[in-house]
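Below are two complexes that have chain A in common, paired first with chain B and then with chain C.
Right, the complex of A and B next:
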């Protein structure tokens, strides 16, 4: 129970920091909306409806990257991470707290972006939405670990997309498949498998990444 | 290695469908298998590093992945040549193995970016090790993803099941595989020795100063 309480406290801390500073969420929102407008000019009229779904996934991945790049910045600026690592809680709780907070930002950005996508481009059915949710979980789980890794590096803004994009390719496959394939459940199952494998891996390995 | 080349180029019978171009199979496939093996070895060493905390595994893991990336690049090149020879294009998205190698190649290039932008020390060793472990998890997941992606990218699956391998062909294949593995092992030892010498030298220089 204390583990869950720690996670909840850490998530709450991130949400409160965001509520007071408003550094990440407005940027993500504006980014995803501008991207959708750019898409209108980027897709030729005769490209067919599937192209729009593909581009939606490009927008989602890059919006998530934008949020992830900011994920550990408050900790980095004020040396909070050292304090958290020293705190008497399981280190993986730090990862889980950050994953949940990033997921909350991403979902909030999508709560605006997906209706706008439907308005501008194509409708989304329940399978496609489930695909978005599952892929969000995966990219936040993997991304918050990669972001913590990149935070210690030189040129971390450049490094993070390089680390995450190859890992995000299966998520894009799953997400696009859930949206366009007639047999969408298969892709949801695949996304579930991805989430399980990489969440466990990230959860188990976070401790090694943040300790000196 | 020489024996393998002779066998592959002269002794093995020509494929009825693909002719001479099929001979690159004896180089391409062993290189690809060796690359997988190197990535796997790198991940095993990475796991040992996290488990035991012994510094030497860091270098071994790095060298194995370095070899794997070189062999991965060679796989892409030989694969492109084979694609050009048998399908008339340098690149095709319908070959799952090639696409997988492209994803892996990108992933392991990011591994080197990560490694070179972190400060030398135990934290770099552990971060690299974690990333290497993600790599071996990514191999089957990506393979599955690429299989699934065919569903909406290419409705018809491109099958290239040639005739079953004859005895000489199989023997040639095994000899080539052995030769490439041996080559990889020698390169691995040489690079490891070089890197160790480098580290020792640096330590000595620091001690002298």
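Right, the complex of A and C next:
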């Protein structure tokens, strides 16, 4: 219970910081909406649904990347990560709190972006939406860890996409597959497995990322 | 409580700390001095458990939950208020009667009136006082202070003087400073880094 209370306090803190600073969510919203608008005018009407779903995933991945790039900025600004690392709570709670907060920002951006996608391009059925949700969980879980690693580096803006994008490829494959395949459930199972494996790996390895 | 022999720290090929011997008994008050770049901050990070020595033996015989660390950076969130920052760290450090303890520290460091204002609106001195509140919040056995007097005005420095006098003998303190005379009467050991 103490672990969950720590996670809740850390997530609440991130949401509060974003609510006040408004540094991340507006940028994510602006990016995803402008990307969909540009694609709407750039893609010919006969491009097909596969192309439309592919573009949706390009928008989702890069929107998530935008959120992840700023995920640890509040901790970097005043060296707060040292304070969190020194606290006697389980260090994985710091990662889980950050993952949940990043997921909340991504879901908020998608709450606006997905209706716009449906309006401009193709409908999204329950399987496609479940694919988006599962891929969101995966990208936030892995991305929060990679973002913490990149945050310690000098060229963090360059390093983060290099770390996250290769790991996001299976999520894009799963997400597009869930939307376009006749056997979408198989892709959902694949996403579920990815989430479980990478969430456990990220949870277990976070301590080694933030300590020497 | 602290025993270190021939402690060395390297970052890549750069050696930032070389051959440091340190011994601070429980309740001791050690003052670390040295020019800029002599490795004071690095040594304090090693003592706080934020970095590992590259070579040598360093034993800090205290649980992580009992270390209070004041760094160059204040280690508080700019977009949160003083109250919210201390409440978060109080939770994570399992501080009993958290609200009372926070109130007492904010009163002592004269931040009570601005407790609900964001840290981003604070002056450097006010932020330093809040950082001291955060370091003292859980009443740590070992207090590691890196230039605690920096940015404090005379009133703030006087409050810190009184706080350190109260802690001396009961808590172990390691303090890095460019003004060792200020704490000369409390000091039980001195380490000059070259």
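Methods note: the second predicted complex is superposed on the first by the 210 of 212 C-alpha atoms of A that agree within 3 Å, B and C clash if a C-alpha of one lies under 4 Å from a C-alpha of the other, contacts with A are read in each partner's own complex, and residues count from 1 in each chain.
Convention: a contact is a pair of C-beta atoms (placed from the backbone, for glycine too) under 8 Å apart; a residue touches a chain by one contact, two chains touch by 3 or more.
No experiment lies behind these values; they were computed from the predicted model shown.
Shared-chain residue A:208: touches chain B; no touch with chain C.
Look at A:80: by the touch rule set out above, it reaches chain C but stays clear of chain B. Among chain B and chain C, the chain that touches a larger number of residues in chain A is B. Within the superposed three-chain model, A:170 lies in touch with chain B and out of touch with chain C [touch as defined at top]. After overlaying the two complexes on the shared chain, residue contacts for A:20 are found with chain C alone; chain B is out of touch. When the two complexes are overlaid on their common chain A, residue A:154 makes contact with chain B while staying clear of chain C. When the two structures are aligned on the shared chain, A:9 is found in touch with chain C, with no touch to chain B. Of the two partner chains, chain C is the only one touched by A:88; chain B is not. Residues common to the contacts of chain A with chain B and with chain C across the two structures: 211-212. By the touch rule above, chain C contacts chain A in their complex via residues 48-52, 63-65, 67, 69, 71-80, 84, 88-89, 91-94, 118-119, 134.
Partner chain C is touched in their complex by these residues of chain A: 2, 5-6, 9-10, 13, 16-17, 20-21, 74, 77-80, 82-89, 211-212. If you check the complex, the residues on chain A that touch chain B are 50, 142, 145, 149-150, 152-156, 159, 162-163, 165-167, 169-170, 173-174, 176-177, 180-181, 183, 186-187, 190, 193-194, 197-198, 201, 205, 208-209, 211-212. Those residues of chain B that touch chain A in the complex are listed here as 50, 103-104, 106-107, 109-110, 113-114, 117-119, 122-123, 126-127, 129-131, 133-134, 137-138, 141-142, 144-146, 148-149, 151-152.
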